[in-house]
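Here come two complexes built around chain A, the first alongside chain B, the second alongside chain C.
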Partner chain A sequence: MDPAISRSTPSQTVFGHIFNTLVKWKDSKLSEIIPDLAESWTKSDNGLKWTFKLRQSVKFHDGTPFDAEAVKFNLDRISDATLGSPNRSLFAGVDEVVVIDTNTVEIRTKEPSPTLLEILTEAYASMNSPTAVKKSGRAYSRNPVGTGPYVISEWIPGQHLIVKRNPDHFGSPGRAATMSFRPVPEPAARVIELTTGNTDIALNIPPESAGAVAQSADLLVEPSSFQIFFELNTTKPPFADPRVRLAVNHAIDRNAIIEKILDGYGRVPEGIFPAGVQGRARQRPYTYAPDKARQMIAEVFPGGYDGTVVMWTPAGRYMKDKAIAEAVQGYLNAVGLKTEFKVWEWATYQKTLYRPDEGKGTGKGSNDANMWLLGTGVTNADWRLRRKFFSTDGSNLTGYSNARVDELLKRAAVDMNYETRMKAYADVQAIIWNEAPNSLVLFDQVQLIGKAKGLKDPEVYASEILRLDQVAKR
Partner chain B sequence: MGTYVLRRLLTLPLMLLGVSIAVFLVLHLIPGDSARMAAGPDATEADVQQIRVNYGLDRPLAVQYGIYLTKLLQGDLGDSFQTLAPVTEDIARTFPATLELTVAGMLIALILGVPLGVYSALHPRGSADRLVTSIAVLGISMPGFFLGLILMLVFASVLGWLPPTGRGSCAHLVLPSLTLGLPYVATFARLTRSNMLDVLSEDFVRTARAKGLSWSQVIYRHAMRNASIPIVTILGLDFGRLLGGAVIVETVFAWPGMGRYMVDAIMVRDIYVVQGTILVFALSVVLINLTVDVIYGIIDPRIIYS
Partner chain C sequence: MQTAGFLGYLLRRRNYVALTAALVTLMFVSAAVFAPLLFDWESATRVSLGTALLPPSLSHPLGTDELGRDMLIRIVWGARITLVVAVVSVIIAMSVGIIIGCLCGYHENWLTNATMRFMDFMIAFPRTLLAIIVVTILGSGVLSLTLAIGLSTIPANARLFRGPILALKRRQFALAAKALGATDASILFSHILPNTMSLIIIQGTLLLADAILIGSGLSFLGLGPQPPIPEWGAMIAAARAHVTSHPHVIFAPGLALFVVILAFNLVGDALRDYVDPRSRKAL
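Now for the complex of A and B:
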């Protein structure tokens, strides 16, 4: 429960209620950034200096005043290597944080950093009480202290976390006087908790229980930024040629997969960015055209591809992952590709995919396969694209390398104009979708949320984070 | 007896050392990368590498173990890679919850199982006997999570008598401990039945009857005592199995126990958490077996430890 470190979505939902960030997205559309703890901000003409005017007389829950020193403390902390934040790289562009006066702080960057504000909206950039961090030391993750509309009143890890309304909060006060968050790992148990009225909101309703939930409660079907795909090894046949990568995208019937395996709870992708991802440029969905796919493969391999396509999938990590991978295998066989199938346990899978294997194909353990199933839910456009598509990025597992994509991403990374930057991301999405994909896109997830009847809707972000402070019983 | 217990206790540290080395090696030999799992699939390689260095995962295995052992001797089980929280603290919180569940499950198995076994021994091939056999088949064939969900469906959802999941009141304890204990009812009943039948055919039972004792006195004072040695043995063995069974029950009922804590840690290769929890599990199994040995001596004066 240390926002600088924790990356679990349920934790981030809690963070949103007990912490604030300097700036935040206005709503779940991610199109406008508005003040939170910072009242206003300006940037220098060269884009290297950002000056933030802070909200005055804000106090952390432990009474520590929130000021420029606190901002510096928090931003320095996440950049500190010894803390070991999994998202330290996001802040790598920050050169120095300078305290100008009590309520003014300046962030200097090494390069013009158009993504700085976006990064400051992330839960990782939450403002923690410096006093509490220093006092608790390594136990801070057990005693988090923020400025948010709610204060932790009791927390027994694994059992429940209860928050109560913070009467001194600067913004609009929370509607509910207290809220209780409980981890319930078994999906069927979550459904029973909801239908028996023991809980007001239950997350991650399994598709097969959707009907039962809808009978006694409200079922919310919300978009998710999570997309599931098979990444394709672009460094060796058959997927070295982009035509074959496009071909397999036409070989599968996504509607059938969604209807039959996901009980209808999934969406046919319209581009590599699902709804809720920043800078989304919608594309025309790939049609299901096995004949066309066979033809496209024949253009590259006139006698048919005589090798075997090695497919990897984790089991139990993503919704129905193995069943979906098996369906895809069937579709690929139907267009004449021979396949070999391997199911992995998640930790082993991760280790294998990312294992350095320099000088060979993808340069990673992923080189041993032709395609592997993964998903991502990152909502930040720069982050989402750079990791997977920039040719030299350490997280690029497919060996993807496209000069135009690299050029556009490089330009966008320092482009201080929001419109032209988003345009560059849109161009990248179009190139990838229409000319040179790196993956066989499967489906966009939806969030199934059960909610007691009569409860006002929570604000649901595509990142699967919820805002509940304005939820009230009608 | 005193020296025997002392001697057994003195071998404990050696055994724990062995367990810790074995677990340490296994955790490092199975594939998976703790740093990658802590950083998550969306982290950059640089961040993962930094975490690897911070946790000392880049150092030789022997050095890593040495550091771990030094801390262990000071009572520090290390920190979780996932939450950064001290493992010792987490175990101090989760172990009592698991113990509570296991003891309750064990009591249910004993309180229902032993009388049922005695009754069916006294009325072989009667209706109680058949009931025990049916329960035994059900108990063995029905997986714990399934039984748990069925109980939850009936008692929490349909009847609304009990809370479905969570921990707090006594009501919360009923369903998980039933799920854990019910499959063992049959084990104890069948064991008690066969031992009672054996004992009841012994000469001393006839003698006891002949000298004028009532049936209930014969059964409780003479037969039960002799029949209980194997029951205590199985009790000790099953206690370990119940601790293991708690893993599934804890997940189904969102019970904040050590089993769930351990399994979650295995999935993400949270090494120190797995180490710590296995050590505590091993320690409790050893202590229970020691207790069982001591109980033997009390029940049966013929057993003498030297």
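Now for the complex of A and C:
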């Protein structure tokens, strides 16, 4: 529960209520960045200095005043190697944070940074009370203190987290006096909690329960920035050749998977960015053409590929992940690829994939497989592309390396013109989709949210984060 | 010959329940043995989403699963996997268990004492957990599942067989053999062990039921054979999501599991009566 460190979506939903950031997106469409704790900002002509005027007389929940020192403290903290935040690389472009006066702070970047504002909207850039951080030290994640419309009143990890309204909040106060967040890992149990009236909102409704939920509650079907795919090991056969990577994308029937396994709750991908991701450039969906796929594979491996394709999948992390992986296995067998299947438990899976393994193919634990199922929901265009496609990025698990993509991303990262920057991202998306993919794209997730009848105005973001402070119950 | 004797005994006792159980067992065993002749592997594993989750009909007597595969074919092939795992694991558990039990019962010294204390230690350790550890180390698959069940069953068998050996070696016939100068091995294996044969048969049958249950349990948790290999426990796990909308997908493997385990237990019970001389005399 330390926003600087945590990357889990449920935690970020809670953070949104306890914390504020300097700037925020106006709405769930990500149309515009608007003030939050900063009232206004300017940038220098060379794009290296950003000056933020801060909102005055804001206090953290523990009474500490929010000022320029607090901003510097928070941004320095996340960049500090000793904190070991997994989100540190996101802030690597920040050179120095300078306190000008109590209500003015200047952020200097190493190179012109067009993405700075976008980064400051992320939950990781939440403003924590410096007093509380210093007081709690390593235990801060147990006692988070922010400026948001709600204050934590009770938290029993694994059971529930209760927040109560913050009467001193500077913005519009929360509507509900208290809110309780509860983890309920078993999907069927979440449905029961909702239909019996035990809870007002239940997330991640399994598709097969959608009908049952719709009978006694409201079913929200919202777009999600999450796309599910099999990443392909681009450093060894058969997927070292981009033609085979394209071929397998034509080998599976996405419509059938969505209709039959997801009960229609999913979308056929139109590009590597689903709806709700910044700079989305739509592409033509891959057709289902097994004969063409077989032909394309035969071009690279005349007489067929005689090795075995090792497939890994987690079970229970994404909507119907294992069943979908089994279906993909069936489609791959049908175009003549032999497969070996392995199901993983999520925590071990993630650790194995990212484990450094220097000198071997992808340089990661992922090198032991040919394809592995993952999803990503990052809404920031730069970050989403850089993580997966920049040849030297630490999160690039596929060993993907494409000189043109690298060049485009490098140039975009310092391009202060929004239009041309988005154009560069669109070019990258087109190259990846049409010429050299790094994955076998499966489907774009949709969010299935069950909501008690009479509950109004939850704000649902494509990143699967919810804002509930303006929710009213009738 | 022996089988016929047992079936005849059941008939004479009018134990029709056990008789049915024996026939059911026979049916599943033959399904397992003849699976490749009945249906080909291709149709047990081929994904065809167009026919997913069909209710039972003439062309698919038990319906189809969520990936459009015929449930009957998967149950039959599943019987093969399930029974092979159960039989081989019981053979491992019984043979190693009996050898340890015999040696530790016949010889009494510090080594056998230490071995038995070690077995006690293993028994105290939850059996399923032990099996999970074995699978985690070896990686999931048919072979490691078999080994996991086998290894985790050895300690109980060693303990079970040591008792009778301990008692039998003091009986007159064993002492007589010893007085005649028979070697330890010949006393143990040609005089003492045959006297425990009834125990071995009964224990074997009951363990089979147990092994099927544990094997399916581990598969249910995803520690068994990997897809697309059909296994009843894994089939139940996959069907879980469709219980409310398409109950038939969980009904078929669940029923198969239930019937087979019940049948093995009933046959085991009847066998106990059959080999126990007292209950036969009462006839």
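As a convention for this text, the second predicted complex is superposed on the first by the 462 of 474 C-alpha atoms of A that agree within 3 Å, B and C clash if a C-alpha of one lies under 4 Å from a C-alpha of the other, contacts with A are read in each partner's own complex, and residues count from 1 in each chain.
Note that a residue touches a chain if its C-beta (ideal position, glycine included) is under 8 Å from a C-beta of that chain, and two chains touch if they have at least 3 such contacts.
None of these values were measured; they are calculated from a predicted model.
Student: Will chain C clash with chain B on chain A after the two structures are superposed, or do they fit?
Tutor: fit
Student: Once the structures are superposed on A, label A:S85 by its partner contacts, choosing first (chain B), second (chain C), both or neither.
Tutor: Only chain B; A:S85 stays clear of chain C.
Student: Nearest 10 degrees is fine: what angle do the Cα centroids of chain B and chain C make about that of chain A?
Tutor: 40
Student: May I ask you to decide whether A:A139 touches chain B, chain C, both, or neither, giving the answer as first, second, both or neither?
Tutor: Once the two structures are laid over each other on A, A:A139 reaches chain B alone.
Student: Per the contact definition in the header, classify A:T195: touching chain B only (first), chain C only (second), both, or neither.
Tutor: A:T195: touches chain B, not chain C.
Student: With both structures placed on chain A, which of the two partners, chain B or chain C, ends up touching more residues of chain A?
Tutor: Looking at chain A, the partner in contact with more of its residues is B.
Student: Once chain A of both complexes is superposed, is A:V343 in touch with chain B (first), chain C (second), both, or neither?
Tutor: second
Student: A:G63 contacts which: chain B (first), chain C (second), both, neither?
Tutor: In the superposition, A:G63 contacts neither chain B nor chain C.
Student: Scan A:G330 for contacts with chain B and chain C and give back first, second, both or neither.
Tutor: In the superposed model, A:G330 contacts chain C only, not chain B.
Student: Give one of first, second, both or neither to describe whether A:G304 is in contact with chain B, with chain C, with both, or with none.
Tutor: So A:G304 meets neither chain B nor chain C here.
Student: Once both structures are aligned on chain A, how many angstrom separate the closest C-alpha atoms of chain B and chain C?
Tutor: 8
Student: Take the contacts of chain A with chain B and those with chain C, and give the residues found in both.
Tutor: Shared contact residues on chain A: 345.
Student: Along chain C, where are the residues that touch chain A in the complex?
Tutor: It comes out as residues 45-50, 52-53, 66-68, 140, 222, 226-228, 238, 241-242, 244-245.
Student: For the complex, which residues does chain A have touching chain B?
Tutor: 1-2, 5-7, 81-82, 84-89, 92, 138-142, 156-160, 182-186, 188-189, 192-193, 195-196, 198, 345-348, 350-352, 354, 374, 376, 378, 383, 387, 393-395
Student: Quick one: in the complex, what on chain A touches chain C?
Tutor: Against chain C, the touching part of chain A is residues 187, 206, 208-209, 211-212, 253, 256-257, 259-261, 315, 320, 322-323, 325-327, 329-331, 333-334, 340-343, 345.
Student: Spell out the part of chain B that touches chain A in their complex, as residue ranges.
Tutor: For chain B paired with chain A, touching residues are 30-33, 36-48, 50-51, 54-55, 79, 83-86, 89-90, 93-94, 145, 149, 152-153, 156-157, 160, 163-168, 251-254, 256-257, 260-261, 267-269.
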